[in-house]
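One structure below.
Chain nomenclature is as follows: A, B, C and D, assigned in order of appearance, with residue numbering initiated at 1 for each chain independently.
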Amino acid sequence: MSTDPHLWLRHKARVSPYEVAFWIAALIVPYVLLPKYLALASQIAIMATFCISLDLILGYAGIISLGHAAFFGIGAYAAGILSARGWGEPLSGLLFAAVVAGLAGWIIGFMIVRVQHLALLMITLGLSFLAVEVANTFDGLTGGADGLLGIDTWKLFGIWKFSIWGHTSYAYALGVSFLIFLLCRRLVHSPFGLTLEAIRENPQRTTAIGVANRRHLQWVFTLSSSIAGIAGAMLAQTTKTVSLESLGFQNSAEIAVMLILGGTGRLYGAIVGTIIFMVARDQLSGMNPKYWYFWIGILLMMVVLFMPRGILGAMQRLAAKMSRS
Amino acid sequence: MKRTFVPVLATTALLTVTLASTSALAQKTVKIGVTNVYSGQFADPGAQLDAGIKLYMQLHGDTVAGAKIQIIRRDVGGIAPPVAKRLAEELVVRERVDILAGNLLTPNALAVAGVSKDAEKFTVVMNAATPIITTKSPYMVRTSLTTSQLNHHFGEWVAKQGVKNVYTMVTNYGPGTSSGKSFEDAFKKKGGKVVGADKTPVVNPDFSPFVQRVAEAKPEALYVWVPGGTQPPALGKALAERGVTPANTKIFGQGELTDDAALEAMGKVALGIITAYHYNVHRDTPLNTRFVKAYRAANNGRDPDIYSIGGYDGMHLIYEVLKKTGGNTSGKAMIEAAKGMSWESPRGMMSIDPRTRDVVQTVWIREVKMKDGKPANIIIDHIDNAKDPDL
Amino acid sequence: MSQLLAVMFDGVAFGMLLFLISVGLSVTLGMMNFTNLAHGAFAMVGGYVTFALASLAGWPFLATLPVAFLATMAIAAVFERLLFRYIYETGELNQVLFTIGFVFTASATAAYVFGTVHQSVDMPAVLTGFIELGEIKLPSYRLFLVAIALVITVGVVYGLEHTRFGAMVRASVDNQKVARGLGLNVNRIFALTFALGSGLAGLGGALAIEVLGLDPSFGFHILVLVLIVVALGGLGSVWGSFVAALCLGVFDVGGKYFVPELGSFLIYLFMVALLFFRPQGLFGKR
Amino acid sequence: MNALETRKLDKSFGNLVVAQDISLALPAGARHALIGPNGAGKTTLINLITGALKPDAGEIFLGGHEISGLPGNARAKRGLGRTFQINTLFVSLTPLESVALAVCERLAVTGKWLASLARRRDAIDEAFDLLSRLGLAKDCTKPTRDLPYGQQRLLEIALALAGRPSVLLLDEPAAGVPTSESTALFDAIAALPEAISVLFIEHDMNIVFTFASRITVLVQGRVLTEGPPDEIARSPEVRAVYLGGAKHG
């Protein structure tokens, strides 16, 4: 049996009914069924965007970073400072954050694409600590340890106010995440996306077929930083706060945990991982504010023991098993 | 998909707003949403604050003005304003709390202030000490302290004692730098001179190199600010090891510097250190003695500290305000009732400034002296009705 | 000058402490490529063992140290057999997730059992105060730290270089496949090394109480420093860890003394720069 | 003008000399075999030519242009293709994707990130065509790691050919291939377009003498001798150091 290559590739990139169902549910469920959870839902959408940005570099391009929050935080500060200085229009704030974080990513990228393994892990971690220290030092600009004050987010399109009920926040966060998701989905099915996977699999071979590995990696790192920056900016705009911790190691580590939890290199893994982690934390810490992280720890260990390819990987395998039988 | 988006948004918005506004009436319980830190690096102060809240309710019952008090706790998990903000929003939207409380750390409290203002909820800051916090919501009061309240008056007091020059060493983050600045400003205004200023890192502090710099500068006096917990004893040890002691250098600091653990670590070299604080565990008044005894009984013998007293007095204020409003929990009614309220706390007399809604209290000046064969903080002076100078 | 020496000595002592906590991770990472972020949690275990014995049961501090070492070793061995061994083949991302989960759980358990308060232990009189050598005042406890670290370093190096077990460990670090081919039971060697390394971390954690304090988030706090030492030293290299820990301690203290404004920047800048130009670390082969 | 030429290449790691004074010339369309005992420096020479290693001294020319200073990927873009002795493939990608990627790189579209790969019909057709010619079409949508070893060796060649190289360096193309699968491999080598100059390392003397028009013998990083196959086969020197003592592997 011979396969039609065009058909197979188109099939691989096709939009599945599950995807459509997922996004419709993402729109409807919080508004209709869980209106009290809109604040949480907004932050999940924002963190999922951040997580997707990490998936691009970690899952697809194989750049393991423990400092990606630096770009999230840079975006948050960019949008926050812009707003605190008098320009609170949200969409242009996002754009500004994307450019600033992307630029930072491009510069740091020169360094990142030249190291691997433990050194890469530690350099990204070190950069993340440096970012915190720099932000703390320039407290005139960033507000230092007290956090940035005076952020005022204008109405979305001049119509919808960002209120504590979270209707606007969620629509905004979901809308932006959806657009970014579409962009990333395109990217991973493009020749560029394929090249990234190939570099992750075997950089020696990509060099031998002529690929400029570092240029591709730097480009995706820039793009990923920019997206992380957008996510940070959304958090700054919807919560009207930015703190040093948004740049820090804990934020970086947490987002990596969410990604691995969901499964790397599949975009939806980032989304599912974020949803499960954040919902679990919200529910567990609501039930047991003092020792909730005991159960989070158990959850993480269980996932590794029983679902070594993340939750989505396990679901995919289960689905494959069921369709075979 | 985009076409259906706006109507869905509009209807659900309407629906929830109506639901939320109708159910706020006719209630017999008053819900207090506490955003606090229960895990991570700041878990311990968070636990002390929480113990203060618990003890007050244990001693005064959980019913006030005919309403049952219910506490709903949320863990911010550290310095995380977006989380604090979301939790406060959820407490309002999801749990329908009447009052917001807790607020251990400044960045979190600032985030909660936004919610307090938008939702018009009476909000008590039980610890965070940066002055501006209460200006961010008209429904916010504070029952802890402000950094400048203590350190401004302390700076003036030190200058008044004839000290001419001082070297300052503070932790390089908000509370540290702003305390240091208040102290320096007040001290300089009264004719003093700052001969050196160092900032120590927040985490992983090894104080010896900093103390060494002080030792070499040989200043007349040293002013120190470090957060409570592991740092005071560590600093105490470093000072003792490098021979920077009151015998050759006057040492001033905020009260954390000479807490019991630090005194134990320093031993007799601590004698003569002078600190300013708003709460003295060992101050011998009937009210305080009862409080400390009950606190120890409830917490495995642990002493109360400033976090505990912030939580305790915060609950006292809420109870008294509820009594005064007859159970009305609207933000406006409660904040009006709170303004100008004064009472005797285990820490001493305190009140809420009607203008700034911030705490007014006595600043106690203490010196480490021998008592019952052990170094202890002995009160040598006090500044009554001290307000924050900048608010 | 003499004062400067005294300050530097503090750095050396701090470095030695980091070395004790890190060396086990360096060897186990070098051997199995097992990314173990839970290493700091075992240091915390040792700390709490000493705290429980010294402050709760009233043992003298020095007597608790061997127990901290042995108890942590035993606990690590149990968990290695019960849990960790199942994830050696699952890739570094899963190992990160699993071991972070382990730290979460360990930290919550510690908070539940011992409370969130910062703990300390009483030191024997011998270890408080300082010893004067001419003009230089050296804090006794730090002298003790350096001495104990040196003894252990000599022990570890001797053990690796001159014992049969050490030779097996070195063979496994050099090339796991070849070692297996030679009939070595690498998994068992690893389990033993893991337990020993964790034991040393436990001892380090016990010794760290006096310097860094002890609370349930100790496992997270120490982790970053430990990783820096391991990465700078080079995987699998005992000397590398030793030199890296020493540099880190001295560099940190010296940096704060000479340029306090840059205080906490320096070690990270140093690490980033060094790893950029020498990704395998100071003494690493790969 | 030679398709590939090296002049006096030197390389050593510390005291270990792995290449010394290696000068080599491949005219267009050459079939040039590189033989020598294990550790003679054959793979090292290929790595020097492709840029995976930097020579200590000497120059490399591709089609008359010096490429010594270029990075590896730029050399590949100029028409230098290679295969690896140990499979160096994208194991979780499919052969179709792998080869399509290589074609895309030749067409300079791997930087395009907003267009779908499925839309690059030209690249996909070319990739599928190439796979078909090598007999890999049947399983070209399975992950590479699931292919039999022989097919993976063929895929090595397919990846190199997708770049339409002018010079192809084959590093033991038949290494480890079981006899049952070797015919396909031999056919593939035989079917290489004539215009391509091929430099190949091989231990299997059958293959060497079937395909090579010239042979270079490397021993301990130096060229021992060079000449046409029959001359090499007769050379007592070569027999002594190589054919006599060496074992395959």
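The criterion applied here is as follows: contacts are C-beta pairs under 8 Å (C-beta built on N, C-alpha and C of every residue); 3 or more make two chains touch, one makes a residue touch a chain.
Fair warning: this is a prediction, and the values are worked out from it, not measured in the lab.
Between chain B and chain D, the least number of touching-chain steps is 2.
Remark: the per-chain Cα centre closest to the mean position of all protein Cα atoms belongs to A.
Averaging C-alpha coordinates per chain and comparing to chain D, the farthest chain turns out to be B.
One finds 48 Å separating the Cα centroids of chain C and chain D.
Annotation: 33 Å between the Cα-based centres of chain A and chain C. Centroids built from CA atoms put chain B at 35 Å from chain A. Separating the CA-averaged centres of chain A and chain D is a span of 41 Å. The residues of chain B that reach two or more other chains are 39, 43, 47, 172, listed in rising order. Residue positions of chain C with contacts to 2 or more other chains are 108, 111, 264. In chain D, there is no position where the chain touches two or more neighbouring chains simultaneously.
All chain pairs that count as touching, in label order, are A-B, A-C, A-D, B-C. Residue ranges on chain B touching chain A, taken from their complex, read 1, 5, 8-9, 12-13, 15-17, 20, 36, 38-39, 43, 47, 73-75, 77-82, 84-86, 89-90, 92-94, 106-107, 110-111, 114-115, 118-119, 130, 132, 136, 172-175, 177, 202.
If you check the complex, the residues on chain B that touch chain C are 39-41, 43-44, 46-47, 172, 198-201, 203-204, 206, 208-210, 212-213, 215-216, 229-230, 233-234, 237, 240-243, 261, 265, 300, 302.
Residues of chain C that touch chain B in their complex: 3-4, 6-7, 10-11, 14, 108, 111, 115-118, 120, 129-130, 137, 139, 211-213, 215-217, 221, 225, 252-254, 256-257, 260-261, 263-264. Those residues of chain D that touch chain A in the complex are listed here as 50-52, 71-74, 76-77, 81-82, 84, 88-93, 96-98, 100-102, 104-106, 109-118, 120-121, 123-125, 127-128, 137-138, 140-141, 159-160, 162-163. Taken in their complex, chain A has these residues touching chain C: 58, 64, 111, 114-123, 125-127, 129-130, 133, 249, 253, 256-257, 260-261, 264, 290-294, 296-301, 303-305, 308.
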